[in-house]
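Quick heads-up: structures coming right below.
Across the two complexes that follow, chain A remains constant while its partner is chain B and subsequently chain C.
And then the complex of A and B:
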C-alpha cells in the first residue's frame, strides 16, 4: 500500500475528515463522551480503593471531591453524561430492531422520548432512595 | 468448499459496550450529580450521605457490592470499546495491539474493582 508509486495517483486525504461536515463533528463529539465515562469509572475506582484503605483514606477522597477543581470537573462530567444520554437514545431507533405496535412502526422520536423519560424516572428513583436511606 | 468461519468475538465486546452505554444513559447523570455535586456541596442530599459508615455498609452488602461493580466495570467496557473505534476513525489502526490495550484496560479495571469489593468483606 505505502510503496512509492511513480504514477503518483491521487489519494484523497483523510486527515481531519470529520471536521469538514457538521454531522461528523457531532459524531466525534458524542463519541468523545466515552472519555468522560471512562474518567468517571476511574474516579469511582479510586474511591473504592480509598474505601478499602480505611477511614482516613476515604475521608481524604471525600475532601478531594469537595475541592473547586473536582466540583468543576464533575459539572463537566455531568454535561458529558447528559449529552451521552441524549445521543444514546437519539441513535437507539437506528440500532434496535424495528418496534411494531398494532401493525405500525413506532416513530424514532417516540423511542428517543421514552428513553429520556426512562432516565428521568431512574434519576428520581435513585435520588429518592438515596435521600431516604441517608437522611 | 469454504471453511466454516471462526466465531467472531465481536458480539461479546459489543454487548458489554451496549450494556454499559445503556447503564450510563439511564443512571450516569444522577450518579455523577450525587457523588460529584450533591454530596460534596450538601445540596439536596446530606453532606454525610457518603460517610465512612454509610459507604462501608453499602459496599459490604451484596447488593451494594454488585451495583458498584456493575457501574465501574460496565462504564469502563463501554468507554474503552468506543475509544477503540473512535481511534480507528481518527486513523489509528484498530489492530490486535490497540484492542489488547483498550479491552485490557477495561479488564484490569474490572479485576481491581472486583478484588477491592471482595477485600471489603461482607
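And then the complex of A and C:
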C-alpha cells in the first residue's frame, strides 16, 4: 500500500470475500433467495396485467402457468421460499430485544420455531381459501 | 514452554508474514513445530519465536481467553490462538494469518487505532441518569435489570467479531459489532442515562444500518456475547430516534 505512513500498514483486498468462509457462502445463498421472492412477485404482477387486458389474455397467462417449464420453475421457487423463510426466522432472535415471559427469557430456538409455525399456518390458510375460491 | 520432547508429533504452521521495512506484500512462511496434545496455536507460535525464528511478531498476554490479545485468522476463521489447540488440526498443518479486515502492522499484529478511536467515541462508561450523594447510598439494580446487559459486558475487545464482519471489511467507517455491543452494554444499564449522547454514533452514517445481519460476529465471539443482537436492537432505537426528531426537532444522530 502506498501510504505516507512510515509504518506501511498493509491493507488486504476484499475482492471475493464471500468465498473465503462457508458461513459467508451460506449468507450469500440465503440473501440470493430474495431474488426468487422478487421473481414470483413479477409472475403475479404479470398475471394482474393480463387480467386487466381481458379474458383471452388472462386465459393465456393461466395456460402459460400450466406448462412444464412453469411448473418446474414454481417448484424451484417454492424450495427457495422455504429456505428464505427458514433463514429469516433463524436470524430473528438476534434482531429483537429479549422477550421475557413469566420472568424467563424465551430461548432463541422457541422464537424461530414460533415464526416458522406462523408461516406454516398462514400458508395453509391461504391455500385453503384459494382452493375454496377456485372450486 | 510445553514439554514436546517425547511426543514425536509435528505440526506444519503456515504463518502470514509481513515485515513492512522489506516486504512489498505479505507472504506465507511455513514452520515445522513439535507439539503435544495440550498445546495451543499460541504455544506453537511461541515455539517458533523461541526456537526457529525470533523475527516473528504476534500479540499475546494472558494465555487464557481473558485479555483478548491473540485474535488471529486460524485456517480462515477468527479465533483466539490461546483457545485453539494444535491437536484439532489432524491433517498436520494449520494456516495462521493476522485478523481479517484490519491493516497489518507486522506479521500477525494488526493495527487497532480505528477500534480504539471508536471505543472512545461511544463513552464506554456509565453516565449516571441522576446524580446521587454518598449519603443516598449505592445504585441498586434487580437481577432482571442486570440480565438485559450482562452478556454484553463480557466483551474483551479481542476484535474477532470485526474479522467476522464483511460489512466492516468493505466499509471500515462502520462502527462495527464489538463497539455496538459495548454501546448497548451501557445504554441497557438501568443506572445509565447516556443513550442519547451515544446515539450520535449509533444513528450516524457509520452506524447500525451498515449491518446486514450476516450474524457471523456472534458465532465467533469467544465470550458468548451477541453483538449482532446489540446492533439490531439499536436499529430499532435509531429508527425511533430519527422519527422522534421529526416531531421534536432534535435528536441524537448527526
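For this structure, a couple of remarks:
Operating definition for what follows: the second predicted complex is superposed on the first by the 125 of 135 C-alpha atoms of A that agree within 3 Å, B and C clash if a C-alpha of one lies under 4 Å from a C-alpha of the other, contacts with A are read in each partner's own complex, and residues count from 1 in each chain.
The working rule: contacts are C-beta pairs under 8 Å (C-beta built on N, C-alpha and C of every residue); 3 or more make two chains touch, one makes a residue touch a chain.
What you are looking at is a predicted structure, and each value in this text was computed from that prediction instead of being measured.
Touch criterion met: A:18 reaches chain B and chain C at once.
In the superposed model, A:85 lies in contact with chain B only, and not with chain C.
By the touch criterion defined above, A:9 reaches chain C but does not reach chain B.
Ranked by how many residues of chain A each touches, chain B and chain C are led by B. Chain A residues in contact with chain B (one complex) as well as with chain C (other complex) are 14, 18, 31. Contacts from chain A toward chain B in the complex involve residues 14-15, 18, 28, 31-32, 34-35, 37-38, 40-45, 47-49, 51-52, 55, 58-59, 62, 65-66, 70-71, 73-75, 77-78, 81-82, 84-85, 88-89, 115, 118-119, 122-123, 126-127, 130-131, 134-135. Of all the residues in chain A, the ones that touch chain C in their complex are 1, 7-12, 14, 17-18, 20-21, 23-24, 27, 31, 91, 93-98, 100, 103, 105.
For chain B in complex with chain A, the touching residues are 20-22, 24-37, 39-41, 44-46, 48-50, 52, 54-56, 59, 68, 71-72, 75-76, 78-80, 82-83, 85-86, 89, 91, 109, 112-113, 116-117, 119-120. On the chain C side of its complex with chain A, the touching residues are 18, 20-21, 25-26, 76-77, 100, 103-105, 111, 144, 147-148, 166, 169-170, 212-216, 218-219, 226, 228-229, 232-233, 235-236.
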